[in-house]
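Structure incoming, see below.
The first chain written gets the first letter, and so on, giving A, B, C and D; residue counts start at 1 in each chain.
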Amino acid sequence: MHIDPDLAVLDIEYVRGQFPVLSREIKPGVPLIYLDSAATSQKPRQVIEAMSTYYESQNANVHRGIHRLAEEATVSFESAREKVAQFIGIESARQIIFTRNATEAINLVAHSWARANLKKGDLIILTEMEHHSNIVPWQILAQERGVRLAFVSVTEDGLLDLNSFHDLLGEKPRLVAFTHMSNMLGTVNPVKEMTRLSHDAGAVVLIDGAQAVPHLPVNVGDIGADFYAFSAHKMCGPTGIGVLYGREDLLEEMPPFLGGGDMIKRVQLESFTANDLPYKFEAGTPPIAEGVGLGAAIDFLTSIGMDAIHQHEKLLIGRMLDRLEEVPGVRVYGPSADHKGGVASFSFVDIHPHDVAQILDSHGIAVRAGHHCAMPIHEKFGLPATTRASFYLYNTVEEVDSLIEGLYKVKEIFS
Amino acid sequence: MHIDPDLAVLDIEYVRGQFPVLSREIKPGVPLIYLDSAATSQKPRQVIEAMSTYYESQNANVHRGIHRLAEEATVSFESAREKVAQFIGIESARQIIFTRNATEAINLVAHSWARANLKKGDLIILTEMEHHSNIVPWQILAQERGVRLAFVSVTEDGLLDLNSFHDLLGEKPRLVAFTHMSNMLGTVNPVKEMTRLSHDAGAVVLIDGAQAVPHLPVNVGDIGADFYAFSAHKMCGPTGIGVLYGREDLLEEMPPFLGGGDMIKRVQLESFTANDLPYKFEAGTPPIAEGVGLGAAIDFLTSIGMDAIHQHEKLLIGRMLDRLEEVPGVRVYGPSADHKGGVASFSFVDIHPHDVAQILDSHGIAVRAGHHCAMPIHEKFGLPATTRASFYLYNTVEEVDSLIEGLYKVKEIFS
Amino acid sequence: MDDLYREQIIDRYKYPVMKGTLEPNDFSYEDDNPLCGDRIRIDVRVDDDEIVTEAAFNGTGCAISQASADLLMESIVGKNLNEVKGLTKEDILEMLGIQLGPVRLKCALLSLKVLKASVYGLDELEEELAQI
Amino acid sequence: MDDLYREQIIDRYKYPVMKGTLEPNDFSYEDDNPLCGDRIRIDVRVDDDEIVTEAAFNGTGCAISQASADLLMESIVGKNLNEVKGLTKEDILEMLGIQLGPVRLKCALLSLKVLKASVYGLDELEEELAQI
């Protein structure tokens, strides 16, 4: 089967050619079909090379050095920060804080902003479709400070229940934190509208963009979020670096989170003065090479075009959902293709997701099986686990078809 | 000038050949002389390649995946943890927690252990020679919880004043936290003895090993520390990953620090169950490729031998201190060569360290000028800043001599 | 057919021979693997010489966890408790006849963990479990 | 001689022409760069038309920070305050005649920051400083 050339929105041959891992065979003659990008994306050679080149020619510690390498490294690292700001539609790179990952970005807000601003009894609204990273930091806070948590419900077809959202907003939340796109259901939430409503209700808004920034054109300035978090490793970038965007006035008022080198202006034995933004929140040697890699990932994604990537994934998820319908005994979770990104979680009535994933793996097809760090939404649907296929710019319609064929093989084995 | 072959303890040609950056010229005909390894070390090709290879062939998210890549990535990452444990003389890798850097490792202890165990009025002992990373987290804690900080004084020749240490131990500290090796003075502290005395006084001991693990054979088990922190990027490894060793029973009792994926066993809407060690303290996607890089760095250092590296640096610092003596108007800080590692901080009476560093840079010599994230010890010596040259396994006696020549050129310009 | 899913495993999964519950019993324990929801309960009866006379498991989960539980229950009948306590990861893998990655290993070993939890006293248990 | 340390810079550093203090003065401010301990105080006198009649700096630090302070003070005598407020990073670099990396730029601009802090009201200042 070939891609209908009328449907092709990106040069898939070119794109695939940039990802070295895609030429790997899982066993002789069995090529890798990587359908686990929601867990982490593969990396194009541009990103791998940018980091190698950095280590081979510029490597130095940043910010305080006068020698050539230190100056070059500082410029490389800080220009990555500028790229991030531009990529998500933010004017000033002072508002871009580098963290280890999206999880740490959310924890930073929970530790610094929330502990300085929330008190016992204050309400935080989350949703039932959150990743553990946007649940557990708030549970820890709730235990420690007695803030209350409430969860927007999810409908049977995997959308946020907007009635439930409106009702909860009526209870005067101080913070509303929700995912831009669910990593289990694939649901893309109406974040701009939700942000507006939350602001009208007087709340600060944090958005978990870990699944959105890699896959959709995202303009955080336009959305109007107060905090926005994501990870490089899901967007063609390296592990070890994530991003927190924060509204400047909030960041200015927040106390520092971690203490150490780089986040200070001055230290005496008994006291310290915090540094300016964004360094105030970056303690110790930052992920420098990882910043360089993230910058290269953004250049790469931009060269392909986020719109094209999004369209390409729409095409794949559309095909996937269509073809899943024909497989007997499969149930798919989440909304229809027009409300979702390139993620399909499904289950068989009588075959465990682990077995599905394992058999697919023996055919070179990498999917994920488990709770995908979203146990509450699994519990909601009465499931301990699902099998999840997730797409990215390098996946093809043929790969979707191979997955479907693989599912028939699974059924055969268990028949 | 040639190295006296009787003195050579490692095959310097081979070693230098492994570091691609060392063949760089700062300007045509001016080779790089990198004397800033205390800020961050250069990386051998073994480390750079291990990470590229990981990204090109194994890259996947770890711990929960069933497919081939995820299994391979998990094995690679976890075997790095085993290597770390072995490298620092620790039996169980469950006690090795991966953080972003040494700074975050210390902050983890300040947030989790200290906030759970210390109360108002409790005493923490630090030393005047600490890096900001081992001062500021405790200052934040002091502000927040009212614990008291006291500092072991440093003598004129840059050693810890053991009388001062004994006196402070008499005040029943709950925690004693000190650096294994000072990044400004180069002083290597008697950590085993200090740990024993601190334990006798009933205190928990945290050692900042950021400058020690890269340069000395370190056996944390033998030292007996309760917590030990360091960074990969100073030991030939990548940025973006650090290590906290913690005593198992302490770690078991500590509450989690950051919340999110991977650090949980189970999450419901209102509560979570923490994961087993070490994952309980690793929230979100860990620095996977960086773990692989750190593992490769340990293999590389081990293949050269930590004893040989230490001896080589002794040779360099000995020569450096000898030759600095002959330069008029220079003052050197820190103890004599037999009490210190490969770090020499110095100042001219009438030339600012920035000017020194800048002129050296124009000759291709990379040194650091500033407070080296150790303002208190600079203040103690009445200095706003010093110039620091720091050595590693790839430096040569010829480079030390070039530095001395460079200093004469600096003096000439300002004469 | 895929290597991992040897006929035996699928067969045991579909037609277990040791599935059920024993009431009353001498030892009984239940636990799950939150990662995938596999859940196993194990019931054991012993005679006066601490020889296992009957064993049964009940639960839900993937083929590997269920088949290994079935195989394990079958294997312990006639063994004394000390022999049961001596069972290892390798014994399970041998029964299954396959190689497993780290995640699937947890599935395969769940029944062994539950079995040990049932026959050990609680102090001994922790120590022993750390070694599985 | 090294490019960066053009004769002018070393000369100004060793033999500054604008070093000293003015008491009384119309504007005065002092600040430092904690990274390296450079410290600059600036005193300015203006006439009724807000034209700078006298200016002086005092301080310690590296050649770049001291030379640029000396050059800057010399350049503002005879300018009116609006012109002084309009001075930019580029003006300083032009006076020095050199290229600078990010860390040394802070040394070179310290005197400009202190000057602006002295002649601005406090509200205007923050806004303006963000742009240096």
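Keep in mind that, in the parts below, a residue touches a chain if its C-beta (ideal position, glycine included) is under 8 Å from a C-beta of that chain, and two chains touch if they have at least 3 such contacts.
Just so you know, these numbers come straight off a predicted model, no measurement behind them.
*Asks:* Compute the distance, rounded to whole Å, between the mean C-alpha positions of chain A and chain C.
*Replies:* From the centre of chain A to the centre of chain C is 38 Å.
*Asks:* Chain A to chain D: how many Å between their CA centres?
*Replies:* A distance of 46 Å separates the two centres.
*Asks:* Distance-wise, how many Å sit between the C-alpha centres of chain C and chain D, to the nearest whole number?
*Replies:* 79
*Asks:* For chain C, which residues are shared contacts with two or more other chains?
*Replies:* 34-35, 103-104
*Asks:* Any chance you could list the residues of chain A touching two or more other chains?
*Replies:* Correct list: 64-66, 70, 266, 354, 358, 369-370, 375.
*Asks:* Should the pattern of chain-chain touching be classed as line, ring, star, complete or other?
*Replies:* other
*Asks:* Hey, which chains are touching each other here?
*Replies:* Once each pair is checked, the touching ones are A-B, A-C, A-D, B-C, B-D.
*Asks:* Which of the residues in chain A end up touching chain C in this complex?
*Replies:* Residues 352-355, 358-359, 362, 369-371, 375, 383-385, 409, 413-414 of chain A touch chain C in their complex.
*Asks:* Over in the complex, which chain A residues touch chain B? Could you list them?
*Replies:* Residues 20-21, 24, 26, 32, 34, 36, 39-40, 42-43, 45, 47-48, 51-52, 55-61, 64-70, 100-104, 106-107, 110, 128, 131-140, 149, 151, 231, 233, 238-242, 256, 258-264, 266-272, 283-290, 354, 357-358, 360-361, 365-370, 373, 375-376, 379 of chain A touch chain B in their complex.
*Asks:* Taking the touch rule as given, give the residues of chain D at its contact with chain A in the complex, in rising order.
*Replies:* Interface residues on the chain D side: 34-35, 101-104.
*Asks:* In their complex, what parts of chain B are in touch with chain C?
*Replies:* My answer: residues 63-66, 70-71, 74-75, 78, 265-266, 273.
*Asks:* Under the stated contact criterion, what part of chain D meets chain B in this complex?
*Replies:* It comes out as residues 1-5, 10, 14, 34-38, 61-64, 103-104, 107.
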